[in-house]
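Presented sequentially are two complexes of subunit A, the first with subunit B as partner and the second with subunit C.
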Partner chain A sequence: MAAEGLMISRVALLRLAIIASTLLFWEALAESGLLFRDVVPSLFKIAHALGHLGANADFYANLSATAVEVGVSLAIGGSVGVAVGLLLGGSRLMGRAFEPYIHYLGPTPKIIFFPVMIMWFGIGPGSKIAMGAISCFFPVALITAAGMRQIDQVLIRVGRSFRASTWQMVTKIYFPALRHPLLNGLRLGFGVSVIGVLLAETKLSNRGLGFMVMQSYSQFDMPGMYALLLVVFSLAIMVNSLVSQLGGLEVPNH
Partner chain B sequence: MATPVLRVENIVKRFVTGSASITAVDHVSFTVAQGEVLAIIGPSGCGKSTLFNVIGGLAGSDEGRVIVEGRTLSGPDPAIGMVFQEESTFPWRTVADNVAFPLEVAGVARTERLKRVHHYLELVGLKGFEQHHPAQLSGGMRQRVAIARTLAFGPKVLLMDEPFAALDEQTRLLLGDKVLQIQQALAQTTLLITHSIAEAVQLSDRVLVMTYRPGRVKRIVDIKLPRPRTAEIIGSKDFGLYVAEIWNDLRDEASLGMKDAEAKLPQAE
Partner chain C sequence: MSGRPLAEAKWLPATLGLGGLASALALAELLIRLDWVSRFIVPLPSEVLVSFERIIVEEDVLSRFLATAGEALAAAFLVTLIGVALGVFLHRHRLLRSACESWVAGLAAAPLVLLYPLFLVIFGRNALTIVMIGFVSGLPPAILKTVEGLSGTRKVLLDVGRSFSLSPAQLFWKIQFPSALPVIFVGVRLGLMFSLINIVGVEFLINFGGLGQIVNELAERYDLAGMYAAICFVILVSVCFFFASERLERWLLRAS
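== the complex of A and B ==
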């Protein structure tokens, strides 16, 4: 046990060392003047920009625009993904007929759909939500379908023998049995819908964090840009650990 | 015997795999009377589980009917409660919620549900474990949860497919005793599918011996041992005689099954 504790504290120490040396290297690079003005801005400048962001009402408006886009795209892409996954995983025929498409479309860069989405939904939040939803749909559908095939078949037979309706089967057996894949799907889906939304915002938009990043870039406000990236990065980590915690509240499996 | 509760008539079930068609169950008929325990015994692969699924309504049959109290069944029915060979408790539900499952599905009100859950958990000797999850219990306890859950469904006929198969010998004997007690307390009409001759003789009023492929009824043996029974009966002379008699019937079928299994193995030099 003591050795275990020592191990953990060593790991923590190493991690701290990695962060510290990265920051030091960054600062040294910034101070060296080797690179063009502000490509690698000093940490102090970034901290300053962060402070600015926090006092900027515009930032909160853009943040909430992006948050809403991600939330809605996750809800749409996630629920369609779960429904399609249930269907593909539940029916051998449907799975064999349709899954290859999803499998091969899944890893293609979704940004190629963006021009089409702009035509359909305009340059406002609609096209961003569409991009996030498309990105999120594929991993969620695939993970749900795979999870469906792993369900212990005897549990399905138990449900049928007690005359559970289709709705009861879904809510009382399929969903709880799929809790791990569904949480995983949620986590992955969240990650890719953030990517989809932000990417779309950087391409063509008039609000959102992605838009702000591009704005800072076009004004060559590098400290401001890095500050934004830091914010996006920390928010993503926060939400991810929140979802993981949701998974941590699980009862053990036998 | 009294009027039959369960009447199984001329069940035929075939499986088609590619070009070949095998008859798993071939014109099987029998009845089970109110409060009676009928054991079905036969070698591995003789069609016991197939018959189990047909009677439980989880699989259709090619011919024949399953009748409970004069009513021909189609599909899963409240009159039949199934206990499966495999581990079948819901791992995400507590013991109490597992037993409550069929009641929730049937829309039984909460207070009534709690009452019945309590009753059946007490019956199977799991009082005090209501809030445990299946992973925290032993295999024998989990199988008792599954039995309580099926009893809570309130079936006319309790249908069990090798319910003790996954358990070790001692647990199996103890659980057999428990099932016997419960069956006697409830006068529960029971159909027990088993591999074990001793289990069949210990628990049942009649033993139906099946043939190996196609699965037919070879013989039905009346077990005239006194009731109420306990595990002590295993030591008696009559018990031994019944076991020997059934083994006599079963031996040919079992060796047929074994030859089949050996034929499937890759040949040595």
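== the complex of A and C ==
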């Protein structure tokens, strides 16, 4: 116990040392002028930009626009993904017929579908939601299908022997048994839908965090861009670890 | 009659899959020809098919493919070299690993591709930005899987090495590294997948480079059939890459 406690405190100390030395190195680099000063701004400027961001009503409006787009895309892409995953995982024939397409389409760069989504859903939030939903669909469908195949067959036979209806099978047997895969799918789906929505916002949008990042870029407001990226990364990592903890999953590891 | 159930027949799933795809395309063709779906939004699948030849000849797809492949190759080289080296370094220093591994895992979950405006400022609107985005996004899985692979070396193998009085360097190169290689390859493959996705994505977003740019250009010209054909081409290239790398990974895992 004592050795473990010592190890934990040494790890904490090392983490603090790494953070402190990184910040010091950054500040020294910013002050040295070795790189363009605007590209590596002082930490004080970034902290000031963070404070400014926190007090900026526009930031919250854009944050909520992105949050709504991600939430709706997760709901649409996630629910379609779960339905397709249940279908493919529940039927061997359907799984073998259509799962390879989803498996190989899954890792393709979804952002190239953005022009198509603009044609279909316009330049407003619809096309961003569609991008997030497409991104989210693939991991959720694949993980649900794989999870379905791993359900203990005894549970399914018990459900059938009680003559459970399809709805009862889904709600009483499949969903409880699929808790871990579903949460894992949700975690991965969330990550990729955030990327889909934010990238779409950087390409063509007039609101959202992606739009704000591009605004900082076009105005060459580097501290503002660093502050925004810090906020976006922190939020994405926080939600990810929250979903992982909810499902008792391991820390994200692809 | 073999008596085997229909669902077990090997040809049936492939036929059903291809049949489903062909039926969906035929339905789309019909709906567009009946003007139930506007052809100004969705082009006829037959037009898209014809456009393949046009984009290959007129848009110089081969050189664009080579540009993307070159960027992917450069990012792959960096991911493999630096990712594996960092993984080995973290594995060797237990305290550092305990401190940093969860950070690397956190980075793997972060939308790293969103750094592209920052990289545009640092490196400019050129291939280096695209390669660096590919490199950064592919790095976390390569590091994590290298650490995992090296940590998973069976103790009995290490004991055998020690019983032969191998030096630490020999122990690493003769036992640990070869036994971890399949898992390291999984990490490198995942890294390459993320790299390729982000490379094509950033090419599209900044309208520079290879395959991603062609989609953007055709969309800006409102060449719908050409744009759909280019998207199909990008998908085809990605699928071929993932299929080949997956086969290689399976072969490596079997060989180990």
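Following the convention adopted for this analysis, the second predicted complex is superposed on the first by the 246 of 254 C-alpha atoms of A that agree within 3 Å, B and C clash if a C-alpha of one lies under 4 Å from a C-alpha of the other, contacts with A are read in each partner's own complex, and residues count from 1 in each chain.
One rule holds for everything that comes next: a contact is a pair of C-beta atoms (placed from the backbone, for glycine too) under 8 Å apart; a residue touches a chain by one contact, two chains touch by 3 or more.
Only a predicted model underlies this, so the values are computations on that prediction, with no experimental measurement involved.
In the superposition on chain A, A:158 makes contact with subunit B only, while subunit C stays out of contact range. Looking at the shared chain after the overlay, A:240 reaches subunit C, while subunit B stays out of its contact range.
Counting residues of subunit A touched by each partner, subunit B versus subunit C, the larger count belongs to C.
When both complexes are overlaid on chain A, the residue A:172 reaches subunit B alone and has no touch with subunit C. In the superposition on chain A, contact of A:55 is made with neither subunit B nor subunit C. Put simply, subunit A uses residues 251-254 to touch subunit B in one complex and subunit C in the other. Within the complex, the subunit A residues that touch subunit B are 152, 154-155, 157-165, 168, 172-173, 176-177, 179, 251-254.
Those residues of subunit B lying in contact with subunit A across their complex are 56-58, 76-78, 80-82, 84, 86-93, 101-102, 104-106, 133-136, 142, 153.
Listed in rising order, the residues of subunit A touching subunit C in the complex are 7, 10-11, 14-15, 18, 39, 92-94, 96-98, 100-101, 104-105, 107-109, 111-116, 118-120, 191, 194-195, 198-199, 202-203, 210, 213-214, 216-217, 220, 222, 225-226, 229, 232-233, 236-237, 240-241, 251-254.
Contact residues on subunit C toward subunit A in their complex (touch as defined above): 7, 12-14, 16-17, 20-21, 41-42, 95-96, 98-100, 102, 105-106, 108-111, 113-118, 120-122, 140-141, 144, 190, 193, 196-198, 200-201, 204-205, 212, 215-216, 219, 224, 227-228, 231, 234-235, 238-239, 242-243.
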